[in-house]
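Each of the two complexes below includes chain A, the first together with chain B, the second together with chain C.
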Partner chain A sequence: MKKKALTARKAGLVACTVCHLLSPDGAGRCPRCGAALHSRKPDSIARSWALVMAAAILYIPANVLPMTTVTSLGMVQSDTIMSGVVYFVQSGSWPIALVIFVASVFVPLLKLFILSYLLISVQRKSHFRPKDRTRLYLITEAVGRWSMLDIFVVTILVALVNLGALATIQAGPAALYFAAVVVLTMLAAMSFDPRLIWDVKEKMHE
Partner chain B sequence: MSDQLPSKEDFPEAAVAAVNRSRSRFSLVWVVPVVAALIGGWLVVKALTEKGPQITITFKSAEGLEAGKTKVKFKDVEVGLVEEIRIAEDASHVVLKVQMVREAARFISEHTRFWVVRARVSASAIYGLGTVFSGAYIDVDPGKPGKPATMFTGLEEPPIVTTGLPGRHFILESERRGSVEVGAPIYYRQIRVGEVVAYSLAESGTKIVSKIFVHAPYHEFVKQTTRFWVASGLDIRLNAQGIQVDTESLVSILVGGIAFDSFRNNSDPEEPAAENASFTLYANRELAKERIYSTKNHFVLLFEESVRGLSPGAPVEFRGIPVGQVIDVKSEFDFKMNKVKIPVIAAVEPERISFIGKLPEGVSRERLADYLVERGLRAQLRTGNLLTGQSYVALDFFPNAKPAALVRGGKYGYTEFPTTPTQLEEIGTKLSQLVAKLDRIPLDQIGNDLSATIKGAKRIANSPEIIEAVKSLNAAVKELRLLTVELRTRTAPELNSTLKQAQASLSAAGDMLESGSPLQSRLKETLEELASAARALRVLSDSLERQPQSILTGKEPTE
Partner chain C sequence: MTSGALMACHDCDLLQKIPVVPEGSAANCRRCGALLVRNKPKSFQRPLALLLAGAILFVMFNAFPFLTFKKEGLEHRTHVATGIRELYEQGMWGLAVLVAVNLIIVPAMHLLAYLYVLVPVSLNRRAPGMFRVFRYLRLMQPWHMVEIFMLGVLVSMIKLAKMAQIIPGVAVFALTAFIFVMAAASAAVDPHEVWERWEGPR
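And now, the complex of A and B:
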């Protein structure tokens, strides 16, 4: 940081997270919109850790249990996310396999790893590439919602493929756990305060 | 307000409250991972406890089976999944690794049988049609409880009878397999009541032992005296009785089968046969029916003539009633006597004949045959069916037969029963007797007498009286001819014209009577008038009856 910029905290101010009004530090509520004011998100690291861990635990049943149960002409077949991917690979539908793999396996896992890395690095007061880490955080937040793709696909399939004895698709228990993983990782990303990455830098300069 | 920063002092209480709230929130967030861990732990525990035994099944081929997809089903409930299919080390079969559910551990024992259910069509039934769409699956028959096991050899064919099916097993013993197949139907009064479960050669190799299963409630009809017979496809028999065709059903024509019946006329209650009771399987219905007589006396009959058409199984009849049958026909040549002898061994069931009255003095039941032979009872070979040439042995009384007796303990091991020559042979002897008699007739003398008679006749024919009689006969014939001519020329035309007149008058009468003719319509009118006159007369008589004075006073005016 060549050019020293003034931060709100340094100026003894707190920005409102809702209307972005700057208020003096220590003020409980935003005088304009009444939202609670915090210089940094309260218990950011602890909350994020709790949610990331919960998501990591639920990620296991989400992948082990069947996502869909297809009943076609009396033949019942249960598919997990990975077996679905394997099925598409074997049947030659590489693009679909790739989409499912990226959206349902790769992205949630990536989010969990990124969040864990960010949390560890902040806790260890790391100075390593704060700009890139912030970018990682932005990616996590941006990509988070796309993981719900799998859930939406399952929802639509269950509603559409309901042809009685000919073919029916039912959502498996993994759908619930997978949705929980997506929601929890999104919440974890939300509760993480990226400003913590820069606080270390600032302290060092003081 | 936007350009002027509010001082800290403006919100002192709020700031304190915020700090307090953030402190109390700290522990609550950790509820989320704890809940997640609890769910995860519960899932792990559930998966571990629900995991049943892992078993290995071997099959000859894995046709239609797929690792990770093929299910193991019991009563159509999924109880396991094929996890792995590999070829055995010696490449003679395939080995399936199957993960069973926990409940399956309760019924899997060393007696458990596994087989693959595929769609199959046999002559008697169609199975597993559902698997055409859903793919093959493995079926389980738990069998009786036993020691736990993990290695199984799968059945290549589905078992006919599974454990727990109500009914009873029976054992049938027969000399030949006939048309008995595994799965062949069992019939009772032409209703399908069971199946053949298995058949095998007895250890001694002398008979076939078939195991059958009769479904409840029909197993109650299998009594101790029940007889089983092969209702083989189409039972065509050619014997002394002619041609007989028997069948149980269309299915049995295709695949054969077994039928049973008790052949009892009386309705005495009888105990049903026990599980695995043993029965004899007869070759056909007739044999099954016949052997109801337990006592059999074997005799050997020595014939000298041809026994053509006599085969084992041919009936022994007493005046047309079957009383036994021929068991064997042999042939031997006696050099000492220079004669051919044909010993025919026959089994006679004496119980078929009932006796009325007391046995004669000095004759025991055992010696009855001797008594009857003394009275002329003989065996004779007869042709039963002229068309087929089948023969049978007839027992009958021949009072003129040469005296004979039963020979017990002969060289044949059976009692020798005396025979009498066949009728044809008898005719031969009678014919030769006739020729001998003809020889004795004095033909020369008869010829001389005959020529003398002819001479006398000639003399009579040439006498003058005869010639005269012929002449007068000639004249009489001439007169008769004249009479005929007169009749034809004169009487016939007159008769003809009379007939014509009669015809004309008849047709005139017909015209008159025809409907619509003037006579008829006039007749009708007359009749109608007559009817109205009669009506008027009745009215008059009625009024006179009511008012007799009216004949004097006149009719009273009516109101």
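And now, the complex of A and C:
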């Protein structure tokens, strides 16, 4: 930037993250909506890292353990997330396979990588394309919730296929781990503060 | 948002003056490009009508039959809450709570919070604690997942298509309508129109 950028923090102001009201620094709570005011989200990097790592660890059992267990006339069959995708590919409905693969495998993994990258870039005080990194963050934050898809599919299958001895579907342990991954990555994205990406610009002018 | 007022970008903290935004247009941050303000038609009639429709549809998708599993004379009827109860009975109470929150509790609270704030505002009154309630409404938004559940319905129907006949009930159509109506209601509300009713600290 050629022009010197004035941020709220430099002007001694804090913007409320919910209602956008500007308050003098040190106000504590937003006088309008009551949200806690922080110039930057507190311990943003540490919190996001903790949540990203917890999610990364839980991502393993979520993919290895069975998501659902089908019992049909005494036959028991367990399915993981990937075997569900493979089933759809083999039965020819590859658009559905793609939807499940993107929502359950690709997006959570991509989210973990993007958040890690953003955290590392902020910690190394990177100047690399802040505008694109902000956009990357906004996209990550917006798409993360769609990973809940598989949890809802399990909920519906469990409700529908419940015919006693004939056929039942039970939720497997992976469902719990996977739900935890989705919730933790959502919280990790919420704890990350995109303003940190821009703070290096400010330092440069000092 | 009044033009000329100062605003800090939510995403990069840059202070800037809000330009004159014509109705139907939006202003973006000068530095990072994130959305600052959008000027929507200044009326609460349309969102209120949509929210009332939403309330009716909410009751409908919870009360009416949802999906029916049909195979060789066997019929198993479910409701939206059946899966939640089934997860709970299988010992997955954490999952049951999460799905109930995302599918029923948050959408209900979201709807009530909107009505609580907008009905008095449209009559030029103020409900007690309306700004606090409006903040909760914003915080709830990411956990409102009915549209993702709807995609789940489609995936499940395709998944079971070879195994049995799956018949969608009234609740499926009510749920679909609910998603569109609520999206239209949210899109029709200009949050700054609500925030600006604030007259300063008392």
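Going forward, the second predicted complex is superposed on the first by the 199 of 206 C-alpha atoms of A that agree within 3 Å, B and C clash if a C-alpha of one lies under 4 Å from a C-alpha of the other, contacts with A are read in each partner's own complex, and residues count from 1 in each chain.
Criterion: a residue touches a chain if its C-beta (ideal position, glycine included) is under 8 Å from a C-beta of that chain, and two chains touch if they have at least 3 such contacts.
This is a predicted model, so every value here is computed, not measured.
S.K.: Does the superposition put A:163 against chain B (first), chain C (second), both, or neither?
M.R.: A:163 contacts chain C only, not chain B.
S.K.: For A:21, using the defined touch cut-off, is the partner it touches chain B, chain C, both, or neither? Pick first, second, both or neither.
M.R.: Touch partners of A:21: chain B and chain C.
S.K.: Is A:61 in contact with chain B, with chain C, with both, or with neither (first, second, both, neither)?
M.R.: Touch status of A:61: first partner only.
S.K.: Check the residue A:198 against both partner chains and state whether it touches chain B (first), chain C (second), both, or neither.
M.R.: The answer is second: A:198 touches chain C but not chain B.
S.K.: Any idea whether chain B or chain C touches more of chain A?
M.R.: Larger number of chain A residues touched: C.
S.K.: Identify the partner contact of A:13: answer first if only chain B is touched, second if only chain C is, both if each is, neither if none is.
M.R.: In the superposed model, A:13 contacts both chain B and chain C.
S.K.: Check the residue A:125 against both partner chains and state whether it touches chain B (first), chain C (second), both, or neither.
M.R.: Neither: A:125 stays clear of chain B and chain C.
S.K.: In the overlay, answer first, second, both or neither for which of chain B and chain C A:31 touches.
M.R.: Both partners, chain B and chain C.
S.K.: Just which bits of chain A does chain B share with chain C as contact spots?
M.R.: 13, 21-22, 31-32
S.K.: For chain C, which residues are in contact with chain A within the complex?
M.R.: Contacts found on chain C: 6-15, 31-34, 66-67, 69, 71, 74, 76, 78, 82-84, 86-87, 90, 92, 94-95, 98-99, 102-103, 131-132, 134-135, 138-139, 142-143, 145, 148-149, 151-153, 155-156, 158-160, 162-163, 166, 191-192, 195, 198, 200-201.
S.K.: Which residues of chain B touch chain A once you look at their complex with the stated criterion?
M.R.: 1-2, 5-8, 10-11, 13-18, 22, 25-26, 29-30, 32-33, 35-37, 39-40, 43, 69, 71, 130, 133-135
S.K.: Taking the touch rule as given, give the residues of chain A at its contact with chain B in the complex, in rising order.
M.R.: Of all residues in chain A, those touching chain B are 13, 21-29, 31-32, 36-38, 42-43, 46-47, 50-51, 53-55, 57-58, 60-61, 65, 73-77, 177, 180, 184.
S.K.: Once bound in the complex, which stretches of chain A touch chain C?
M.R.: Contact set of chain A toward chain C: 1, 5-9, 11, 13, 15, 17-22, 31-35, 39, 88, 91, 93, 96, 99-100, 130-131, 134-135, 137-138, 145-146, 148-153, 155-163, 166-167, 170-171, 175-176, 179, 183, 186, 190, 194-195, 197-199.
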